[in-house]
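Before anything else, here is the set of structures, which you'll find just below.
The same subunit A turns up in both complexes below, where it pairs with subunit B and then with subunit C.
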Partner chain A sequence: MLRFPYRARPRKMSRQRLPEEGIIVGQEGRLQRLRQLVTGLVRYERIETVYQHCDETRGYAERLIHTAIRNGDQHQHTMEMADYWLNEKDLIYKLFDVLVPRYQNYSSAFTNIYRTPIVYPGRGTEMGILELKGNPWPDVLPKQRDNRYVISNVLLQAARKDYNTSKESRKTKNELNSSSENSET
Partner chain B sequence: MAAPYGMTRLLGSFRRFEHALFQWMGFYPPPGFQAELVYDIQPVENHVNNQQSSTKSILQDIFDSILLAVPKSRRTAEKKRTRKMSMKGHYEYAIPKNNIIACLECGNWHEKETICGHCYQTVKTETEEMQEAMGLDALKYDAPRSEVVFLYDGEEQERPKYDGKYIVEMKKQRPEWFSKNLMTKAHNPK
Partner chain C sequence: MASYSRRILPCFWKTTKLLTFEDSARRVPCRYHQELLPTRNYLLPETVEEHRKSELSKHPELPPSITSENVPADFRFVYPEFLPDPQYDRRDSIRERLEREDMYRRRAVIDIPEFYVGSIMAVTVSDQYSPNKENRFVGICIDRGGVGLRAFFILRNVVDGQGIEIMYEMYNPTLQSIQVLKLEKRVDDKLYYLRDAPQEYSTFPFDMDPIPVPKGSTVPVNKMKVQLNPRPWLERWERQDLQGVEDLKLEQRFYDKAAKVAKPWEKYDLMKWYRENTNEEERDSIMQEVHQRKRLTDIEKSKRKTKLAERKR
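Up next is the complex of A and B:
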C-alpha cells in the first residue's frame, strides 16, 4: 500500500508538553507526538523536525490519505481515522476537499523527505524536512538545470547514437546472411 | 556474624556525633586539649584559633563518615586499553570527513546526504513571507478548502486560470529562482 521503503519496527518517541506536565513517554507519548506531527503536516504542508520523527510520521500521513482516497467521506471508519489523526478539525475538510483530489491519480508516494545539514559545532542532531507533494511553497531542492548542451552530454549522446546505428546495421547484415543461406538450402 | 557494613558506619557516625555534642556542651575536654598542654608556649591568639579548629573538627567528624561516590572496583587492563584506543570522545573530531561536496547552485559546502543549507535558507525565508501574506486565519485556524495559489506582481493576467482556487497576492516580484515551470526535465524533447 505504501509506496516507499519504511521501517517495520516502531521508533521510540516522546511528546514534550509544558514543563510542569513533563514528557509523555511510551506508546501513548509516541502516538500523541505522531498525531501532532500529522496534523502539522496536513496544515503547513512542510514541517521540520528530527529526521527519525519525519520518517515515522510519513507512513501514518500517507496511510491516512490512502484511506481517504479509497473510501471517501461517506465511510465511518475513514472519518474516525481522520478524527483521530487530525487534532484540529478544520483539517478534515482539507483532507477530503484538497488532498484527495490532488493525489487521486498519483502513482508515487505523496510526500518527500529530506535531510537538513547537521549544525557544527552543536549536538549533532539529524534534522529533516517532510513535505506534501504539490504544495504551494518554493521547492526545497533547486530546480533541475537544462544540461543537454553540456559538452560531456553531447559527446555521450553522439556515442550512444553511433553504437545503436552500428548495432542495427550488424543485425540487418546477419539477417540478410541467414535468409540467403535458407534460400540456398 | 557481624552487623552489615552500612549499619556499622551509621552507628559509628552516631557515636561520633554524640561525642562531638557532649564536647560542645562541655562534658568532655576538646580533642586538642592534650596537645595544648604539650605546646604550652604558644601565644593566646593561637589558643583562640585552636578552639575554632576544634569546632571545625567536630563538623569534619560528622561529614567524614559520609562516603561520596567513588569507583567501586578496579578497571581492568583490557577495558583501560580499549578506552584508550577507541575513537570516542575528542578523537572522533580529528577524523577528516570525506562526504563534503559543493552545492551545484550556490557553491556552499554541505554533506553529501543532506540538502544545501544555504539554498534552503532562501527557500525558508520566502516561505515565511508567503505564510505571512496568507494571514494567520487562513494558515492556522481555518484552512482553505481549495488549492492555494500565490500571485506575484505582474501576474494579474493569470488570475482567470486559477478559477475556484484560493488566491493569495504577494506584493513583490517573483524571485528569479522560484520558477513557474518547476517540472521541466533536463532531457525535454521539445
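Up next is the complex of A and C:
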C-alpha cells in the first residue's frame, strides 16, 4: 500500500529522446523515461528533475520496493519487474540486499519529494527533488536548531513571564480599588 | 461588482444553447473555477482514523477485530466480489463494510458455490409469469465481474438454435438457487469468443447431471481450443491474445496490425496495476474477514442442520 497521496490518473509525459532508441512517443516513451529516473534514483538515492516527473517516478520506485519487500528475490514476477525497471543490472542486488532491509520495518513512505525554487531567468519549469529516505547525502531542508534553551532566550522568556505577572497583579489591584470606591459611593 | 459578474459568466448571452453548469464552469477564469465547482463530501484519512480510535466508536455489538488466520492462497479467486472498487474517488469504507455485511447475510440464506469462468451452472429464478413461478437456466459462465452487491455472472447456452445469454446478479433476492454442474476453469478470463464459435461449443442440455469434484482436489483447467467461425466477427479476436482458440486462419495483414497495436509494456506498468487493483495489504485483511465470517456461518448452518434432523426424528 502506498503511503503518500498519488494521482487518480497518470500524467501524460512529453515525448522522450533516448540515445539508443531515438524518439519514443506515448505510453511506451513515458515508461522508458520513468525507467531512467527509477534507475537513477536507486543508483544515486537523490535525483533532481521536473517536479511532475519526480512525482510520477515516486509511485513506481515505491511500488518496486514494496513488491521486493513482500515477495523476496525468489519470486519470478518480482524479478521480472526489477529487471525491467532497473536498467543497470547491478542495482538489482542493491534493491534486494540494501533497500529491502532498510525499508522493511518502515511505516511511512520510502521517499521524500521537495519543490525547488523556480530559477529566473530560465525555462520556468517547476523543478523538484526526489530522494530515498536514509540516504548518505546531507539534508535537503536545513535543520532547525533547537534554540529554546540558549541562555539569551531563557532570560528573555523569564523577563516576559515577569512582565506578564506584574501586569496582571496591577490589573487586579486596580479592579479591587475601583470596586471599593464604587461601594463607598 | 458589475464587472466581476460579467467576467464570471461571459458566454450566457452569446450562445443560443442553454449552457449546463459544467459548460459555464469551464468558461470562467481560473481563480473562480475552484469556488464554483461542487465540493466533494470528503473526510481526511487522519480524521477518520482519529474517530475510529476514539472511545465513542467502540460499539459493544460490533464483532471483535479480526485475528490473523491462515487464509488459503486461492481464496481471493473464490470470493473476488468482496474486494472493493480500487478507484479511490469512488470508495467509501462505511458503505463497503455495510455491503459486505449484507453479502454475508445473503450467503447465510442461499448457497452461492465456488465457480469460475468456464464452469457450467444452473440458476433458478422466481418468475411470476411462468406457470410454476420459477425459471431454470443452464449454461456456461462466460464472464464474471462487479463489486459488492452488484456482482454478476453471465451464462450462455443455445436454445432451439438461438444463442441465449443471461446476466444474473449474484445477490439478487429473486435468485432461488445457484448450482454448479461442472466445476472447471478455462485458460481465458472471458469467453465472449464463444459468440463467434460454432454452436456446439456453447450447447449444454438442461437435464445435465452434476459432475462432482472430489474434495480436496484442485479445480481442473479445461485446455480445450475452440475453432472460431470465419470472419466477420463481433470483435477483433486476433488482437486479444486468446489462449483457448485454435489458429484463426487470417491473412498476414491482420497479424501485422495486431502486432502494431499491441501494448507489451503494459504488464510492467506498476502504477497502472496498482490503480486498477486492490492493493495486497487491504486484500489480505478483507480476505481474512471473509474467511472468519465464512467459518462462523458454516458452523451456524451445521447447527441448523442437526436441529432439523432432530426434529424429524
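Criterion: the second predicted complex is superposed on the first by the 137 of 185 C-alpha atoms of A that agree within 3 Å, B and C clash if a C-alpha of one lies under 4 Å from a C-alpha of the other, contacts with A are read in each partner's own complex, and residues count from 1 in each chain.
Here is the rule we use: contacts are C-beta pairs under 8 Å (C-beta built on N, C-alpha and C of every residue); 3 or more make two chains touch, one makes a residue touch a chain.
Not measured: the values here are computed from a predicted model.
Enquirer: Should the pairing of subunit B and subunit C on subunit A count as a clash or a fit in the superposition?
Expert: Subunit B and subunit C fit side by side in the superposed model.
Enquirer: Could you figure out whether subunit B or subunit C reaches more residues of subunit A?
Expert: B
Enquirer: I'd like to know which partner A:P10 touches here: subunit B for first, subunit C for second, both or neither.
Expert: second
Enquirer: Which holds for A:G59: it touches subunit B only (first), subunit C only (second), both, or neither?
Expert: Only subunit C; A:G59 stays clear of subunit B.
Enquirer: Mind working out whether A:R43 is in touch with subunit B, subunit C, both or neither, as first, second, both or neither?
Expert: A:R43 sits against subunit B, while subunit C stays out of touch.
Enquirer: Pick one for A:A82: touches subunit B only (first), subunit C only (second), both, or neither.
Expert: It touches nothing on subunit B or subunit C.
Enquirer: Closest pair of CA atoms, one in subunit B and one in subunit C, after superposing: how far apart in Å?
Expert: In this superposition, no C-alpha atom of subunit B lies closer than 9 Å to one of subunit C.
Enquirer: If you lay the two complexes on top of each other, which residues of subunit A touch subunit B in one and subunit C in the other?
Expert: none
Enquirer: Quick check on the complex: what are the subunit A residues that touch subunit C?
Expert: Those in contact with subunit C are residues 1-2, 6, 8-10, 27-28, 31, 56, 59-60, 63-64, 67, 70, 80-81, 84-85.
Enquirer: How about subunit C: which of its residues touch subunit A in the complex?
Expert: 87-89, 263, 265-266, 268-272, 274-275, 279-282
Enquirer: Inside the complex, what are the residues of subunit A that reach subunit B?
Expert: 43-44, 46, 90-91, 93-94, 97-98, 102, 114-118, 129, 136-148
Enquirer: Enumerate the contact residues on subunit B facing subunit A in the complex.
Expert: 103-105, 110-111, 113-117, 119-120, 123, 126-127, 130-131, 139-150, 175, 177-179, 182, 184-188
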